[in-house]
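As written, the chain order gives the labels A, B, C and D, with residue 1 at the start of each chain.
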Amino acid sequence: MSKPTAMNEKHENLSWRARWYEVIFEADTPAGKLFDVLLLIAILLSVLVVMCESVEAIRKAYPKLLVGAEWFFTLLFTLEYGVRIICARRPKRYIFSFYGIVDLLAILPTYVIALPIFEGGPSAQRLAVIRAIRLLRVFRIFKLAHMLSEASALRQAIWAARAKIAVFLSFVLIAVVIVGSAMHLIEGGRVDSDGQQIVTGFDSIPESMYWAIVTMTTVGYGDVSPTTGLGKALAACMMILGYCMIIVPTGIVSAELAHAGGKSQTTQVCPECMGEGHAADAVHCKYCGAKL
Amino acid sequence: MSKPTAMNEKHENLSWRARWYEVIFEADTPAGKLFDVLLLIAILLSVLVVMCESVEAIRKAYPKLLVGAEWFFTLLFTLEYGVRIICARRPKRYIFSFYGIVDLLAILPTYVIALPIFEGGPSAQRLAVIRAIRLLRVFRIFKLAHMLSEASALRQAIWAARAKIAVFLSFVLIAVVIVGSAMHLIEGGRVDSDGQQIVTGFDSIPESMYWAIVTMTTVGYGDVSPTTGLGKALAACMMILGYCMIIVPTGIVSAELAHAGGKSQTTQVCPECMGEGHAADAVHCKYCGAKL
Amino acid sequence: MSKPTAMNEKHENLSWRARWYEVIFEADTPAGKLFDVLLLIAILLSVLVVMCESVEAIRKAYPKLLVGAEWFFTLLFTLEYGVRIICARRPKRYIFSFYGIVDLLAILPTYVIALPIFEGGPSAQRLAVIRAIRLLRVFRIFKLAHMLSEASALRQAIWAARAKIAVFLSFVLIAVVIVGSAMHLIEGGRVDSDGQQIVTGFDSIPESMYWAIVTMTTVGYGDVSPTTGLGKALAACMMILGYCMIIVPTGIVSAELAHAGGKSQTTQVCPECMGEGHAADAVHCKYCGAKL
Amino acid sequence: MSKPTAMNEKHENLSWRARWYEVIFEADTPAGKLFDVLLLIAILLSVLVVMCESVEAIRKAYPKLLVGAEWFFTLLFTLEYGVRIICARRPKRYIFSFYGIVDLLAILPTYVIALPIFEGGPSAQRLAVIRAIRLLRVFRIFKLAHMLSEASALRQAIWAARAKIAVFLSFVLIAVVIVGSAMHLIEGGRVDSDGQQIVTGFDSIPESMYWAIVTMTTVGYGDVSPTTGLGKALAACMMILGYCMIIVPTGIVSAELAHAGGKSQTTQVCPECMGEGHAADAVHCKYCGAKL
């Protein structure tokens, strides 16, 4: 009689895991939604703690509060990570999935910094490493990706338009390389009356390309800007090109999406009149009235 | 015989209120339109007065004119507020509605500043409060919202696209947090030869995030800009990302609206099953097959 | 026998005017197209002359050439203006039309400056007036409007979307007024340790509104930018608002145009099956095959 | 018996050339794709070499490596150019085609600089020429155009919208000329107390137009910005105009593309009249009424 008990136990165990699975991994049930909202708040608060820590005034004013909050969130996310591994149907698959790695990276930095290696006198080298590791914690923001179920439509749209976006980006980059080189030729390499080279921000092609990107994307910091007449004319042409260029790809993506989105028609064919183009909710053929 | 008289009186009273109601709250009748236009001009002029007051040269040149105009508009809006309360079918509902609160806030500041508390020797503290209250009057501009009946289409479009806009904004903010942190790591925390920290504008994550927002939205003030090669490369990537990102959501909103607006459905109702939403070229009801 | 001659003469005269009318006012015939292209070149060259004149180095190098070119184009446009008046079917209507006034304004400045009033010793006052009048000549560029026949589609689209553009602009301006006032409160009116007011570029509401427009349209000069933490946070919110705001109206205009443009269907109804939605080039009903 | 041999030889020769032709000029076969990918990598690497050479620090650190890489890529592209000429069906047509000229220009600069003329003492004049020629090599990036087969859709879209883009650009340029001239009048030509002219960046119409383009395209460097109240007001109007202007053409292009792409026409050809372009739901040919 031990077998059924074991089975029951296993069943109960399974159902216990299944129930937790639904709460943690899915967002259909009220409990699952509540868990998601609480986790969202915890992620945002923990990112806020990292941000506050980077501001010197706050770090010096509340050192204990920040360390306490840090450990609170680390333990919370460690608990979450553990429960996710226990509940997951295929733990290994979860661990090596994108979200599994993000969840692990969200807790590791705090533990790593607590290691004895990082104790003792703070040499500059060691401090820089600690600083980098501490900042890694901000990548917890990626945990939000769990919740972006709505993003799938966006992802599909980007995926569908990937060829066009690639062409668009290639075109932008080719323009950036050519205009950057031309501006390097026009604005760079000038010397003053003493034969000293003047620093213009166009002194190498990569620097000119940085300027070209800043200009073409209409950001326009103004830390580097052309000073010669020819350079200004070329810059003006590039701005108008960049301004026009945003119009055409926007139109293409819109048209593609409008076309794709308008296809809510089934591929059903009327058995009587072979009419096509029926709406997804059609029961009868709209041309001859026959049942579909 | 007093009853009918009372009724008549009440009826006349009602119709008097009803007539005013139409003039003040609606814009269908010529009188209602005229009232709206006059109110629009009064709002714009009163906002202009607040603006002029904030310019020191004008404030000193025409002090009496500005105070007079201020009281004129305050009394005008007080009168309007009173009539609205009297005419409104449910006065309480109006008072606590968005527009009721805006209308009240449009007149309060002038009265509050005239209170005896604010008289006497002008201490700096008291002056700052007065200044803040005076500026509150500029929120009269919200009274314009009464007139934006056309905005409902925009509001619906934004409401329909709210999920997509939220995803878009989440994506922007995640990118801002990550790039901001990375730039803080790359550009911030540098020391000069004396061991003094150099102020770069990337000295904390919030400051870096401010830079990231300025860059990603293509505003690009240039008050903070990267100076290291790695920082410039990351900034260039972010600009191109921000440039591409405006394309996809625009396309999605366009497609959604085109789909919604372009359904070109007739308002025909099936005589049999009362089904709606038939395509313009439908001959038979797509639900029951009856001839339309 | 004088009557027929007079008629013939009048007829010939008419046909001579009619022929010139076609060449000058229309662009269907080869001669009309050639005239338009030559006029286009003349306009662009004359604008180029005005531009060159404003550059001091060029003005001093070729003073006679510029004056000569100036008089050449003025006489050319005077000739054109005269012929247009002679050929026009209703000369008065042409003279007081938009293009008539533009054509007149294109030639007046040169004659006005040649008047004896402007001769003699060049007082500063007189020079400023001359300078303003000379620059007026650049408005010759409006003569190009004659040729923008393609612009009618754009004009119609803007006209159709005028209500939405007005709502959009109202919303932008309300946001500019409110954010400008808030920034004036946050960033303006600060005093240094000596009690002297610090000039921040947010010293009055109009100045703050200028900043708000520069920011919201993503221009971002950087001549004025927030320096306090709260001001930067508000600026960041405004930038994201401005970035999102460009998406929704673009989508609305696209959808409206897509809807309008997609209606290349005739309103023709099949006389047999009453089918609608036929393409403009359809000869037979696409449902039953009957002749339309 | 020599004839058939010759024919065979010619045939084999032809097939050898045909096989190479497919690999080099087309991208349908696996070998063709591999060739394209390898060429892509070579182009990007060779452009990278040119870029590195323009950075002084890298040029001084690895002079031999860069020269070696330069000659390696030049010989590689020379080989490619030679094989392309041999394999091309009409060598002359290839040589004088856009791609043929680009391929030639990609290899020429290295050979030209190796000529004895450029040897000997480096005079400044000679160095500038060498520098310009060296930079020409960056135009190798145009060789990428071979691979942008996806770009044809974009090119078609731009071609279809050329009239509208031309109108849009004309409108932008007219606005730039007029606002530039007005700003030159308002901001330029001011003198300080000593009668000296102040340099404002609006000292000539071309300079003002440069500012107008920087502003209208929302780049906004901030190297030139208005300082007077009137100038700021005009600049604000121009920014809002530029902000609105990007909406309408985007909508027009989107609508045009949506219309073109959404025609959902079948590729069906009428069996009677050979008419094409039938709607997906057509039963009868819309031209002759024959059943499809």
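FYI, a residue touches a chain if its C-beta (ideal position, glycine included) is under 8 Å from a C-beta of that chain, and two chains touch if they have at least 3 such contacts.
Since the model is a prediction, treat every value here as computed from it, not as a measurement.
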| item | value |
| --- | --- |
| Same-residue or different-residue interface between chain B and chain C, half as cut-off | different |
| Equivalent-chain rotation between chain D and chain A, CA atoms, steps of 5 degrees | 90 |
| Rounded Å distance, chain A centre to chain B centre (Cα mean) | 29 |
| Centre distance in Å when chain B and chain C are each reduced to the mean of their C-alpha atoms | 30 |
| Centroid distance [mean C-alpha coordinates] between chain C and chain A, Å | 42 |
| Per-residue multi-chain contacts in chain A, two or more chains | 168, 206, 209, 218-222, 246, 249-251, 254, 256, 258, 262, 287 |
| Complex interface listing, chain D residues touching chain C | 163-164, 166-168, 170-171, 174, 177-178, 181, 184-185, 189, 203-206, 209, 215, 218-222, 225, 229, 232-233, 235-236, 239-240, 242-244, 246-252, 254-256, 258-259, 262, 277-279, 281-291 |
| In the complex, chain A residues that touch chain B | 47, 50-51, 54-56, 128, 131-132, 135, 138-139, 141-142, 144, 148, 150-151, 153-154, 157-158, 161, 165, 168-169, 172, 206-207, 209-210, 213-214, 216-223, 246, 249-250, 253-254, 256-258, 260-262, 278-279, 281-291 |
| Chain A-facing residues of chain C, complex | 218-222, 250-251, 254, 258, 287 |
